[in-house]
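Both complexes below contain chain A, partnered by chain B and then by chain C.
And then the complex of A and B:
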């Protein structure tokens, strides 16, 4: 990281290999960061832009996993559910989440609801697929042991299927979270009045490389922070798992 | 309580006609508190026999019943010990043993008494709060046996339970199972391909043919064991040295050998 920053300083400020206007120097970046943190940019401070984006990502992510994981579990468990849902799923899946943006804006306007919808669509798919795979790859003897012990259906789901699929489910959650961030920033680029993507959009129109970089770094930091939190939850939930515990 | 009956059982995998016939005309009755081992060449369908008693597979023809009730689904009256242990890795040893008891809706105090008994029986007391991955293979299989025994099942089904263990652990487990079975007799169906193990553990040994598997002969071990008083010897190697043991083992071995093709493969 330090090497990268030193290289950045070397290429821009010291040698001027990368000229101003194309890529900002550390100094310009710092000035932009101070500006947006203090008196604000694109209508708000960095903190409120970041807060707004994070809230939307978390909400969209929660809606997506709240619907996607149960659906994936159900499809994994029931061949009939798979037969019913899979064709719809296969049809919808190739449509890139960003292609839903025009429809979302048309239905729900430029507000938060449209963005949550788009995040939902994007983050939904990995949750479903991984929960589905998680159930399908449960060791057969483990299910047979549960049946042999006379485990009733609901307890089977709660205490056997869900925990057995949990490592795969978490893989899905991580992919869903990534998808949520990617999609949100794109959605804010297209139509928003606040948020990190909106900052990027305004900075592009202002031809303001320092601020563009601030926006990009912000997305990176927020994505990293939320992923870290998720990883923390995963380590706690999968403490029994050798692979995750190691 | 606790007798198993196979009545003219066939099993075909795949389509009814043109599928692979793995079992043909299995007739076998395992009496109350009797320990029967099935040995046979690999692929002969011996595990399928056990799986039908467990309720994991249905016979293609004939019937399998326990206490006169035909088996339709798995249940805690027929506890299974699997070769690959099949423990719940996210549950502690205690929780693994507890699940079957909770499913029976037993009161908490009775559950903890029975778990304590099962832990003691299998020498697991100091590992009650451990997760399976923290235990050796032998210890994991002890947990699986405790999980089965604690249910006080009518029949106990053991599918090559020591097949995944190293040689030393295997011997210790065999000796423990003998002690357990003599002190606390159950109806046991034990699947193995290890002839010594079958002779050492079982009251009777059923020998199967190659696929499609049939029961070729059933050897009575118990009268010999009682007459020669094997149980006075604590160690399996001492029992295996006895002439009476060697004789039975060789008899089964010959019988199996005939099933293994012209070159003994």
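And then the complex of A and C:
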């Protein structure tokens, strides 16, 4: 890492191999960072841009979990539900979440609702598929034992099906978290009024390499931080599962 | 028990019911005017528009021409990612020193969404073919590298030891041990890369492009032509599906040829 920073310094500031118009020097990066943190850029400070984007990802993500996981569990549980829903999924699944952006803007405009819709699409399909797979891979005897003991249905869902499907569901969530960030940044690049992607967009139009790099680093840090948080939640939720906790 | 299997007939019947419900709901939402027709055209209107796009141009070209220009960028980006990512990954798996140098850089870059490269891509390579290719590259590169790396890293150590003992040259070792045992992992990585590359292409074209399906969709969005936007989505979905099917076939063919039954 230190070598990398030294190399960066060497190539930009000392030798000027990479011109200032193409890639910022560490000094320019630092100046841009100070500017956006203090005075603000593209209408707000870095903190409020980052906060806005993170809130959208978390909200879209929660909506996707809230709708996708129950649907996936239901499809896993009932063959009828699977047959009913599967063709629609086959149809919708190959469409990348990013391709929903123009439609989302048409329907909901440039505000937050359109962003939540595309994040929802990015996270919904993996939630459904992994919850579905999670239920399908439950050992049959476990279900039969529960049925034999006369477990009421809601307790069965709560105490057997959901916990057993949880490791798979988390796998799906980890996959979709990155997709959610990608989609949000793309949506904000296409059209937004605030957010990290909007910073990138404005910096691109201003041809301001220092600020572009600040935006990119912010996207990376936020992606890393939310992945870490999700990993933390996973370890807590799966504390009983030694294999997954390791 | 509720999880009981359905007969084939029942399965087909429920599937048809599902499609019918989906299309029925969609049609009734738009016909009833609950959602303005302009924003939610009926399935029939969308299908008609999809077909008409094959002959009547929109945003400067017909749908097949847009698709062709998208596909050209896509092929360049993915091939470039494979051509650099796979050898680099193999070398990193083989030479520990290179691994120590590249891994920290790579780990740092990994969390930056490919789409976030858009401003630099536009700045460095413009919006013609270079910019989008770079973004596709950014999307497709990581899986190429990671899978080649894993493939090379987890070669059965006994093979290497045996070869060393027999005095095999480095070059032969790479050709006859490293490559063959890494191939399945590399192929799996390429398939993931192809999928992610296609996604990145769509993103790239929505933001920086002057042609292609994504560009067509953005233009259609600006002029509120919902049917054209939806046609673009259908085209993207179909091509993405086609790429996936072809690669799966290729993977299965390779496995059979190498006598590795999947």
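Heads up, the rule we're going with is that the second predicted complex is superposed on the first by the 237 of 246 C-alpha atoms of A that agree within 3 Å, B and C clash if a C-alpha of one lies under 4 Å from a C-alpha of the other, contacts with A are read in each partner's own complex, and residues count from 1 in each chain.
The rule we apply is simple: contacts are C-beta pairs under 8 Å (C-beta built on N, C-alpha and C of every residue); 3 or more make two chains touch, one makes a residue touch a chain.
Predicted model, so just to flag it, every value in this text is computed and none were measured.
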item	value
Touching partner for A:47 - first (chain B), second (chain C), both, neither	neither
Partner chain(s) touched by A:193 [first = chain B, second = chain C, both, neither]	neither
Which of chain B and chain C A:99 touches, first, second, both or neither	second
Dominant contact partner of chain A by residue count, chain C or chain B	C
Which superposed partner A:147 touches (first chain B, second chain C, both, neither)	both
Partner chain(s) touched by A:224 [first = chain B, second = chain C, both, neither]	second
Which of chain B and chain C A:182 touches, first, second, both or neither	second
Which of chain B and chain C A:139 touches, first, second, both or neither	first
Touching both chain B and chain C, residues of chain A	147
Chain A to chain C touching residues, read off their complex	1, 3-4, 21-23, 77-80, 83-88, 91-92, 94-103, 105-107, 143, 147, 178, 181-182, 185-186, 189-190, 197, 200-201, 203-204, 207, 209, 212, 215-217, 219-221, 223-224, 227
Contact set on chain B toward chain A in their complex	54-56, 73-76, 78-80, 82, 84-91, 99-100, 102-104, 131, 133, 147, 151
Chain C to chain A touching residues, read off their complex	1-6, 10-15, 17-19, 21-22, 39, 101, 104-105, 108-109, 111-120, 122-124, 198-199, 202-203, 206-207, 214, 217-218, 220-221, 224, 226, 229-230, 232-234, 236-238, 240-241, 244
Chain A to chain B touching residues, read off their complex	139, 141-142, 144-152, 155, 159-160, 163-164, 166, 240-242
